[in-house]
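Take a look at the structure set out below.
By letter and in written order, the chains are A, B, C, D and E; residue numbering begins at 1 in each of them.
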Amino acid sequence: MYEIVAFYLFSALTIGLFLVTVMSKNILYSMTSLASGMVLISGFFFILGADFLGVVQLIVYVGAIMALYSFAMMFFDATRDIKEKNTNNTLVFLLGGLTALVLVLMFAAPIYSENIQALYPMHEGVGNAQDVGIVLFTKYLVPFEVAALMLLVAMIAGIILAGKKMDESLTEDMSADDEIVRETEIEKDDK
Amino acid sequence: MENILSILVFFPAVAGLLGFVIDKDSAKAYGVTVAAIEFLLSLWLWFSFDTASAGMQFVEMIPLIPDMGISYYVGADGISLFIIIMTTLMTLIGMASMGETKNIKNMIVTLLFLEMTMIGVFVALDAIIFYLFWELSLVPMLYIIGAWGGPLRVYASIKFFLYTFTGSLIMLVGMLFVAYIYHSLTGVWSFAITDWYALVLPVDYQLWLFAAFFIGFAIKVPMFPFHTWIPYAHGQAPTIGSVILAAVLLKMGTYGFVRFSLPMFPDASVMAITPVAVLSLIMIVYTAMIAYAQKDIKQVIAYSSVSHMGIIMLGLFAMNAEGLSGSVFQMLSHGIVSGALFMLVGMIYERRHTKLMSEFGGLASVMPKFAVIFGVMLMASVGLPLTIGFVGEFLVLLGFYQVSPIITIIAGTSIILGAVYMLRVMKFTFFGPLNNEENKKLKDLNRRETWSLIPLVAIVIWLGVYPKPVLEPIDNSVKALLNFMDEKALTKEAKDMIRVAKSSKEVK
Amino acid sequence: MLSPINVSLESLNLITLAPMLIAVVGGLIILVLDLLNNKLHKSLYVMLTILVLFIDFGAVLGLNVNERGFFDVMLIDGISIISQLMVIGGSMMFIPLALTSKKFHEYSYPEFFALFLFMIAGFQFMVASDNLILIFVGLETASLSLYTLIALHNRANSYEAAVKYFTMGALAAGFFTMGSAVIYALTGSIELYKVAEVLATRVNETGLMIAIFGSSVLLLVAFAFKISLFPFHTWVPDVYEGASAPLAGYMSVVPKIAAFVVSIRIFGMYLDLGVEWVRWTILILAVITMTLANIMALVQNDVKRMLAYSSISHAGFIMAALALDTTEGNTSIFLYYALFMFTNLGAFTMLWISRHKKRIFDTRYDHPYEKFSGLVQTMPMAAVIMGIFMLSLAGVPPFSVFWGKIYVMQAAVNAGYIWLAIIMGLNSAIAAYYYLKLIVYMFLKDPVQDAETVSYNMSRSLMVIIGFATAATVGAIFYVQPLISYLYYMISASGY
Amino acid sequence: MIGLSHYLVISAILFSIGLVGVLRRRNLLMLFFATEVMLNAVNIAFAAISHYYNDLTGQMFAFFIIAVAASEVAVGLGILIVLYKKHGSLDLDDLASMRG
Amino acid sequence: MENLVYVALFAPFVGSLFAALFGMSERRIFVGIVASILIGIAFLASATLAYNLLMTGDVVQIRMMDWISAGDFNVSFGFVVDQISVTMMTVVSLVSTVVHIYAIGYMDHDKSFNRFFSYLSAFVFSMMVLVMSDNFLGLFIGWEGVGVCSWLLVGFWYHKPDQAREDNPSISPSWAANEAFIMNRIADLGMLVGIFILYWNTGSLQYDEVFAQLPYLSDAVLKGAAIALFIGAMGKSAQFPLHTWLTDAMEGPTPVSALIHAATMVTAGVFLVIRANPLYSMEAVEGVSFFIASLGTFVAFYAASMALVERDLKRIIAYSTLSQLGYMFAAAGLGAYWIALFHLAAHAFFKALLFLGGGNVMHAMHDELDLFKMGNLRKEMRGTWIYMTLASVALAGLPPLAGFWSKDAIIETAFNEHTYFLWGMLVLTAGMTAFYSFRQIFLSFHGEDRYTALGFHPHEMYKFVLVAMSPLAVLAVITGWFMGSYKAFIYKIGESVQYEMSAHTHHLANYLGLIVIFFAVTGIVIAYLKYARTGEKAWKRDEEKEQGFFYKLLKNQYYVPKFYEEFITKPYMMLSEIFWTKVDLKIVDGTVDSIAKFFYGAGDKTRSMQTGNLSNYLNWMAVGAVLLLTIAAVSAMIG
């Protein structure tokens, strides 16, 4: 019962919040609702017994990612309303709706099978974090390390892209923009 | 020298590579020397060729990609032998007579590469090697037309390239399919034509494959309605380009029919007689009429070329030794005659920078030598007996008469229509009063031009009077081919249609 | 309580990790070197990178076929070895392009080379696993590095390119994860060998087809994006235009090889299960891709952009081979890319050599066709070589790409898809036009520039690369046989 | 009782919302938000499947997805910064210098 | 003997080559002399051969070398000297010799003197090949060879400009040459077809082998071969409807007209029919033969009718040639091959003489050919006058000159075959012949002097030319006397050439002859009354009459050339233009180009898909994904 209530509550809230995220004209609302949605999603994780995941969700998403976004937002001075020209809302919603429909149809299929044996079963009476830890550091050690590498890449990327050295370009001779040496007519119809 | 074919193929290419370092002013001498050596080599090939044997000679085989069954596999028989010699000859003469001075070094190098690809096509016994040279030959030609051509040269060269390229890609699919069938029957990959000959294909496969090869070859020939690239190519190409194009490149198409379509798909070939004959008729009559309507001398010869190729096509599908031998012989004769005609037009073009008939008239008085040689070539072109043009045309018509008298008679109008448009050229260019002031100071052929044409005149007459040395080896190979087709044919209709020459023929 | 886990070091088969580790360590060394001395010249890093890759290459060569390692996460089968070799080999060929005579922004960063090596490691992980997680993480590692490398070219266009690539990549990642989720829901596993096993038992269950199809579509979208199939190809021209020429050339080969390996693993699985729908979807997408890209390439005014479209078209070509699901088809993928790589290397290097910091010929393009007009008169050798590359791309024998094309077409014919072979042939014919266009400019038009402007960036190492690419393009006929037999052996050994 | 399908459906709906966001957003930063929504939607699916199969793999996947999302944000923001420095705008519509 | 054959054959060839060596240099009189001598040698050789044949009856057959062999087809250069060919050889070489010598004088002032002899000798060579060959293909070589030489010689004065048809019915020498060549080519196709038919049914082209097979062939084949070969003959011998070229060919120098377009080449068609007499005498082809005879008769009359009103000296002679060829065909068609051959020979002599005489007049009148501008030339050109009168008498068929004997025999044959209509026509034509030949003589040599007023100062031809013409004059007189011995000579060849009048005809022969003579004399008398008198009764042009329908019809050659121009040449040109500009460029090439344009255009269109806007790209991606998903869902639910 508690699960049902929680599920529907969280569902309604996440859907609502994420709708705000994608629809709102105000970046602040958008971001706030995103953050709240993520918190609620960690709620799902807790319902589903994925405690560790829920915590990671909170820490990484709500903590790290949202923090990054808010810094970025400040940097971009994007607190004012965003003017977006949406030329083709019908298409967008049609696509979204269709996607939802097809995915729902897919998931409505008898996708779940009793016969499937869990490869890495959760153990009764063992905390989720422990279970996760064991699998993560045995089977998924390599992906884990690669993820570390990925984060390193992301870090380096972030640093050098945001770094001062990028302000001056060695690639482009800026003067070129002003004086085009020669205008050549492009022969469009030469066969 | 068992590997003379390889030498023939690669000598020009190596010479072409080395040609890059030759000084600009000596480039032409270099090119002519190389072409002359190549020509001598090809004569040597003839000399050491066993004319009595009908099979492949000087065969070389080096596996290149055994997993795909591709090997460097070359050989020559009576059919290819003379086309090779013609190729080397026309390259030599074309080069020697060339008046081009712009970027001469590039031209020489290009021509030498072109020569390699042309000879490669005619000696290849592996389908992929054939295809390789076939495609590669487009590139130098593209450059020649495009770089030294007339005002529409870019359009013409691209059209030439793309058209042929498209057709040959379809042909390539056909080749791949044959290889696949060969593999599924024997378990071995092979692109060797001689291996493919052993394949006995069901008739419906034959038809599809015939169609695939047909597209490739027909565009090259060029058969109606795939011929429209050729007026542009000829019209825009420099003289040397037209000479090589008409003399050699077009022969690749007809040669392909002999090498691939006929022996591999005998039943389909027999079934295709009527459609091919109809297309050939259209080529013969329709293009002859178009030639008549031309205002530009070169275009007349270009269209006449198509018309003559129609005769060759007709002979190929006569399914008897007379027609087929005649057809192969006609390839040589057309090569030499149309090559010479293009050279002649080029010479006048160099002097006057126009090819319009209306600009000329009465040239015979100021350029008698030119007029005489043009006249000889004209007569050969319209198939006058005792010139090279007659032998082939006569044999083709003779051969096809057995297949269909009506078609032969319509095709025979080529001797009339050919005369109609060629004589028109003669009349408007050489005869009549010499009215145009500019024409009055025209110089007759100089030594270089005369001496590059005289060998052709000599050949035109020699092979018209005594074609035997050439015709005999061709005939041997053709007879072997027909025998082979007859044995291989599945359907009775095909067996009936293919007429094997018998040495001792019963008299009715 | 959980019982303690005992894992023997041997069972981990750590050697399977060695190649990637070499690349990663190499990247770290470069970072450390930079920390110690930030005045080092780029040539040092280039050479270091090459050396690292050299060792990496050796390590891959030393791997045994069909081994698993590290709790079966690592999968070293034939295609993973050959694809790693090609990734590393391709990288080794492209990285010396940093040694231009002029300075370009990205190469002033030592981090560029570190990221480059990390990216290679990412690709290696991606291809050396059948675990969707590792594939995903490896893919993202490589992609994130690549986005950065593109942006590091440091001009407006390259940012734009990076943003476009990045955003679409993020969307593709979404589809990939969703697809994985469906697969996971279907089979309870994300390891492809296990997935295949379970799916084989479930494939006939009623009502499940929609999920199987759906999963294939979601994954297809993700990889079609990487491979650049229609309509997921839209990023390619812009990214190639925005990126530097070496990187564009690199992108046209190496990431695609990695993506193809994963595609072989995933879609090969579907095809083996008898899901014909996937085959037809891929075939149709492939055909549309090659045709449409060809058609769009016809009207391009910029050589690099044209090459971008051409690489889309080539990718469509190869994707069709993938749908054949035969050993020959799969061999042809690698053969094609190996041969394509040399030609593309050459072509993009030529563009790179001619790259200016100013846009002299056009307000927008770096390499408009006009730039090369009459090249044969000013730099005959360069024109001839570039011409050879173009002919090779057009599929004119005996240059390298032709052998790839003919092998693909033969594979199609052998699999009974003659119509496909014909479409491939006709597409080659269309494609010939735009390659010819460059040849026309180089050979048939009169020069508008002097040799200086075109050989602006020329340096000895670039000449070496060009020479190498030319030799490999021209001499393809001599090494195609060993290449085929090696590839065929490796692929059939790994059961594809 | 809440079954797997419930979670999957909510995941599907959230995924579609994310997609809608990706499609209609013109501001790059907000577009990035939408991609996060999509990834989160998938995470729900993974966690749910994991739960119902009693298998940890799904959680692993979700875990890595979060890691990837984090890295993407870092790189993405880095690119946005250089872009913003150059263009002074994050609007997609200003970003069409390369076309055709 | 074989050597003689080669001498007869190749002496002209050597002459031609010799002359060709100097072809582009200044006029050298010795070129003409050498060429003439070589032709003379050929004549001597031919004559020796003829004598030898007459004495021994041994037919010489030689095979020089292989020519074409492919498949089962095999043909070589082989020559046969039998009664038929030796007759032709002798006639051809004799007339040629005379014409060569004549030409030295006639072409005296032409700067292309050497070239002329080269062509002329080449023609003789071709003609010798034609008549001597022992197979159809060899004959075809000569056939085409003479065609080319005729083309070269008719167009010899190639520099003359084209004129309107009203001013000059032949338009220009080059035009006439082309016309001749092309018309002959049309007929040659027929000939080729005949050759094909014979080859595929008999397996050979050797005369003897082919003829040996004839009895075994089906009627259809025989008919086909006969028709096809005759089509060939029609072209060369200018039979209706392929006759227009012959009169136009008069644009060539007069020696050419004499040699080619009167004595030799044009008779090749007759020769072919005679040569193939075993074929034409087959019962199956009786219909064809009768058609030949009828056509011959028709042409005889038709040509003669046009000659009645012609003013151009040479064209009159050309019409008369045409008419006489009709006679020959009539004879050949009726089976009297030897008579046809005999008339051929006799005609060659007197017609050559006539032409050469005409040449003298032309030379004297500075190429003016209008009879109305001459008159009373006899006082200046006595020799020519005698020659021409002699030739005209022969042509008119008055005894005892050559024309009488041969022509009379033909007319008699028509009677003998009970084809009385043909006989009537031929007799009538004989009268017309006499009229127009004497009209020409009277208008030019008699009557009033009209040329002085126009500023002409005619003079007689060189002496040596007149001397050279004398053999022809002699032969024109005496040939007929040897008809009997010739009959004996030629009968040796075999049954098929033998032709005897029935006893009935033989009985009436004298009366028949008288009828012919009567008509001829009547024609001459009318001509005299109308044209030869002087003073008051002198002939005056009647402009009004010239507007009459019949006059105009005849004058315009029954509008046949006009018809050809309007209904063949012009439509052909138009159709060619349409094929080129409309069909080839617009449709065929247009299709090809439109395919290319389609792709290029499609590129331009699809290009706009690449908007550069990221949002669009994302849309594309989503559309693709959603579409695929939907299709997947639908197909999964269906299938």
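Criterion: contacts are C-beta pairs under 8 Å (C-beta built on N, C-alpha and C of every residue); 3 or more make two chains touch, one makes a residue touch a chain.
Here the structure is a predicted model, which is why all the values come from computation and not from measurement.
Asker: In this assembly, which chains make contact with subunit D and also with subunit E?
Answerer: Both-contact set = A, C.
Asker: Can you identify the chain nearest the overall CA centroid, using each chain's own CA centroid?
Answerer: It is chain B that sits nearest the middle.
Asker: Based on C-beta pairs in contact, work out which chain pair has the most and send it over.
Answerer: A-D
Asker: Could you work out how far the Cα centre of subunit B sits from that of subunit E, in whole Å?
Answerer: So the centre of subunit B lies 36 Å away from the centre of subunit E.
Asker: Between subunit C and subunit D, what's the gap in Å when you average each chain's C-alpha atoms?
Answerer: Computed from C-alpha means, the inter-chain centre distance equals 25 Å.
Asker: Centroid of subunit B to centroid of subunit C, CA atoms only: how many Å?
Answerer: 44
Asker: Suppose each chain is reduced to the average of its Cα coordinates; what separation in Å results between subunit C and subunit E?
Answerer: Distance between chain centres: 78 Å.
Asker: Identify all positions of subunit D at which a residue touches two or more other chains, and write them in rising order.
Answerer: Within subunit D, residues 4, 8, 11, 15, 18-19, 22-23, 25-26, 32, 53, 55, 57, 60, 64, 67-68, 71-72, 75, 78-80, 82, 93, 95, 97-100 contact more than one other chain.
Asker: Do you know which subunit C residues sit against two or more other chains?
Answerer: 133, 137, 140, 144, 147-148, 151, 154, 163-164, 167, 171, 178, 185, 188-189, 210, 214, 237-238, 299, 301, 433 - these are the residues of subunit C that touch more than one other chain.
Asker: What parts of subunit A, by residue number, touch at least two of the other chains?
Answerer: In subunit A, residues 91-92, 95, 99, 102-103, 105-107, 111-112, 116, 118-119, 131, 139-140, 143, 147, 150, 153-154, 157, 159-161, 166, 191 touch at least two other chains, as defined above.
Asker: Report the residues of subunit E in contact with subunit C in the complex, numbered from low to high.
Answerer: For subunit E paired with subunit C, touching residues are 596, 599-600, 602-604, 606-607, 609-610, 612, 614, 616-618, 620-625, 628-629, 631-633, 635-637, 639.
Asker: Enumerate the contact residues on subunit C facing subunit A in the complex.
Answerer: 1-2, 5, 7, 17, 24, 31, 70-71, 73-74, 103-106, 108-109, 111, 114-115, 118-119, 121-122, 125, 129, 131, 133-134, 137-138, 140-141, 144-145, 147-148, 151-155, 158, 178, 182, 185-189, 191, 194, 198, 201-202, 205-208, 210-211, 214, 244, 299, 301, 356-363, 368-370, 448
Asker: Enumerate the contact residues on subunit C facing subunit E in the complex.
Answerer: On the subunit C side, the touching residues are 163-164, 167-168, 171-172, 175, 209-210, 212-214, 216-218, 220-221, 224-225, 230-232, 234-235, 237-238, 277, 281, 292, 295-299, 430, 433.
Asker: Which residues of subunit A touch subunit D in their complex?
Answerer: 3-4, 7, 11, 14-15, 18-19, 21-23, 27, 30-31, 34, 37-38, 41, 44-45, 48-50, 52-53, 56-57, 60-61, 64-65, 68-69, 72-73, 75-76, 78, 82, 84-86, 89, 91-93, 95-97, 99-100, 103-104, 106-108, 111-112, 116, 118-122, 128, 131-132, 135-136, 139-140, 143, 147, 150-151, 153-155, 157-162, 166-167
Asker: State the interface residues of subunit D toward subunit A in the complex, per the touch definition above.
Answerer: Touching subunit A: residues 1-21, 23-27, 29-30, 32-34, 36-37, 40, 43-44, 47-48, 50-57, 59-60, 62-64, 66-75, 77-82, 84-85, 90-91, 93 of subunit D.
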